[in-house]
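There are two complexes below, and they share chain A, which is joined by chain B in the first and by chain C in the second.
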Partner chain A sequence: MDALVFLISGILMIASGLLVVTRKNPVYSAILLVVFFLLTSLNFLVLRSPFLAVIQVLVYGGAIMVLFVFVLMLLNLTEEELDEKVEPARKLLAGAGSVLLFALLAWAIHSSERIQAAGDTDLTGPVNDSAARAGETREIGQSLFSEHILPFEFTSILIFIAIIGAIYLTKTRSANERRTTEPAVEQPEERA
Partner chain B sequence: MTLSLDLCLYLCAAVFSIGVYGVLSRQNIIVILMSLELMLNGVNLAIISFGRYFITPEGSALSGTGASSSQIFVIIVLAIAAAEAAVGLAILLAVYRRWRSARVSDMRLLKG
Partner chain C sequence: MNIIAEHTSYLGEFLPIAVYVVIVLLTGVTMLSLPAILGPKKKIAGKGLPYECGVPLLGETRQRFSIRFYLVAILFVLFDIETVFLIPWAITYQELLGSLGWVVVAEMLVFIGILFTGYVYAWRRGGLDWD
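This part shows the complex of A and B:
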């Protein structure tokens, strides 16, 4: 039953992923990306990661998608700007490249002895006794703040730097300040 | 019906390749960033699959570290994805304000 859920949501994941990269209008891509994230979180649930399934919905389906849709609405691209004018040759080349990449990855998976040795193991089956609580919030919290405290702190520094960078990049200087600091530089026209 | 490790990995490979196709074939920066998220999700699913395999009775002999390591890995990837999306969209806003375009082929200031 679990395996069937995984299989169906996997097929739907591939379908929605393909639609995300092929839709002309980015708004449709964004909505389909939310569907993709929800299906991924379903697969996380099947693979015994309830905490990550919730985080996936909250962070990806919530925070990151809000960011994407907000920028989409802010830019308000016109029909003409949305027309990407990609020549068919480039699309064909990209398609061939990604199919080649998939074939390479599939060949690597197929020829790996260790992965094939694991082929009989059912990932929806029972777990080892010592790891019965793995994936639960309590276990993850304890592991994150004891064993993996250093990566955690580095990640917090990285996010701090990203926040500063994002604010600096999007900051608009006031017209008054601009006039006094860089009078010779050609001004980009103001947005209507 | 059983769910084997290689089935999960084939799915992850497919999702990752779809993301690569999006990055290579699209011109709109927003869609390229979405494709990047797609690729990161494929990798996350692969990590989770391996983590799930390593807590089965057969796989736990191969696992050297704690059972939660894969989950921690995915949490950190998630945080980095969020930071990447924030900085990427900020760059897009700055570029759009300057050149009135969201197409990657219009950005060739660094082209030799």
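This part shows the complex of A and C:
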């Protein structure tokens, strides 16, 4: 059953992924991207990683998607702007870049010793092998807070830097300065 | 549940979630399709207009949003990721307390401490203020 779920979700993932990049209207792309994230979550379940599966829905399907939707609303492209033709050279360059990134990722996964070792684990059998349980929340917590404590603490510094960056980019000047130099950004009307 | 898990694969354990997803999808599809089949279809001029709480339309649907909304969203995502790390910590807390002692608490305090500094910075710079 695992193989069947993987096959179906894999095909649907490729289909939704292709649809995401080919849609003209970015709102459709965003919705299809949610479908893609949900299918990725299902794939994590097939790989026996319930923690990653839930995080995939919470962080990617929820939080990251909010950012995508916000960018769409901030740019607020009109129909004419969406119809704008993109140069073929640019499309080719973007395609080549994507293929290159994909190849790099595939090579990294293929040459990883850990993944090769995990490849021997039978995921279709009953769950008692330690490798098969590695994706469970308890196991992740165990290794994260004992073996990988340094990367964990560095994550907080990474998030800290992101907070400072976000504040710096959007709050470069104080509110008083902005009011005197330029008109305030147009606010969406308050609706009852 | 155990009987199902024994006879099917690992994914069988998540059968309740699959059932839940199907029910949610069916509810949505039913709610959308029933009015389309049963409801009367009269074309009135006002029907195609966007609904704005019954008042006449104010401006266009497409509006540029202030960058401030984006800041709120980014801060939400960042602190959301912080909570993601709290879940495995909370689950393994008892076991780790036995093997590592109070270091477990210190680990999380350092993590939250660094992020609290970021929170204070965001607060002091007015990142949490609307004006």
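Here is the rule we go by: the second predicted complex is superposed on the first by the 126 of 192 C-alpha atoms of A that agree within 3 Å, B and C clash if a C-alpha of one lies under 4 Å from a C-alpha of the other, contacts with A are read in each partner's own complex, and residues count from 1 in each chain.
Please note the rule applied: contacts are C-beta pairs under 8 Å (C-beta built on N, C-alpha and C of every residue); 3 or more make two chains touch, one makes a residue touch a chain.
Quick caveat: nothing in here was measured; it's all calculated off a predicted structure.
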item: Chain B versus chain C as contact partner of A:98, first or second or both or neither; value: first
item: Chain B versus chain C as contact partner of A:149, first or second or both or neither; value: second
item: Partner chain(s) touched by A:43 [first = chain B, second = chain C, both, neither]; value: first
item: Touching partner for A:140 - first (chain B), second (chain C), both, neither; value: both
item: More chain A residues in contact [chain B versus chain C]; value: B
item: First (chain B), second (chain C), both or neither touched by A:28; value: neither
item: First (chain B), second (chain C), both or neither touched by A:17; value: first
item: Partner chain(s) touched by A:159 [first = chain B, second = chain C, both, neither]; value: both
item: Footprint overlap on chain A, where chain B in one structure and chain C in the other make contact; value: 2, 46, 48, 51, 55, 59, 63-64, 67, 71, 74, 123-124, 127, 140, 142, 144, 152, 155, 159, 162-163, 166-167, 170, 188, 191
item: Residues of chain C touching chain A in the complex; value: 8-12, 14, 52-53, 55, 58-59, 62-71, 73-78, 80-82, 84-85, 87-89, 91-92, 95-96, 99-100, 104, 107, 110-112, 114-115, 117-119, 121-122, 125-127, 131
item: For the chain A and chain B complex, residues of the former touching the latter; value: 2-4, 6-7, 10, 13-14, 17-18, 20-21, 26, 29-30, 33, 36-37, 40, 43-44, 46-49, 51-52, 55-56, 59-60, 63-64, 67-68, 71-72, 74-75, 77, 81-82, 84-86, 90-91, 93-95, 97-99, 101-102, 105-106, 109-110, 114-116, 118-128, 130-131, 133-135, 139-140, 142-144, 147-148, 151-152, 155, 158-159, 161-163, 165-167, 169-170, 172, 188, 191
item: Complex contact set, residues of chain A against chain C; value: 1-2, 5, 45-46, 48, 50-51, 55, 58-59, 62-64, 66-67, 70-71, 73-74, 76, 78, 123-124, 127, 137-138, 140-142, 144-146, 149, 152-153, 155-157, 159-160, 162-164, 166-167, 170-171, 174-175, 185-189, 191-192
item: Contact set on chain B toward chain A in their complex; value: 1-11, 13-22, 24-28, 30-31, 33-35, 37-38, 41, 44-45, 48-49, 51-60, 62, 65-69, 71-72, 74-76, 78-87, 89-94, 96-98, 101-103
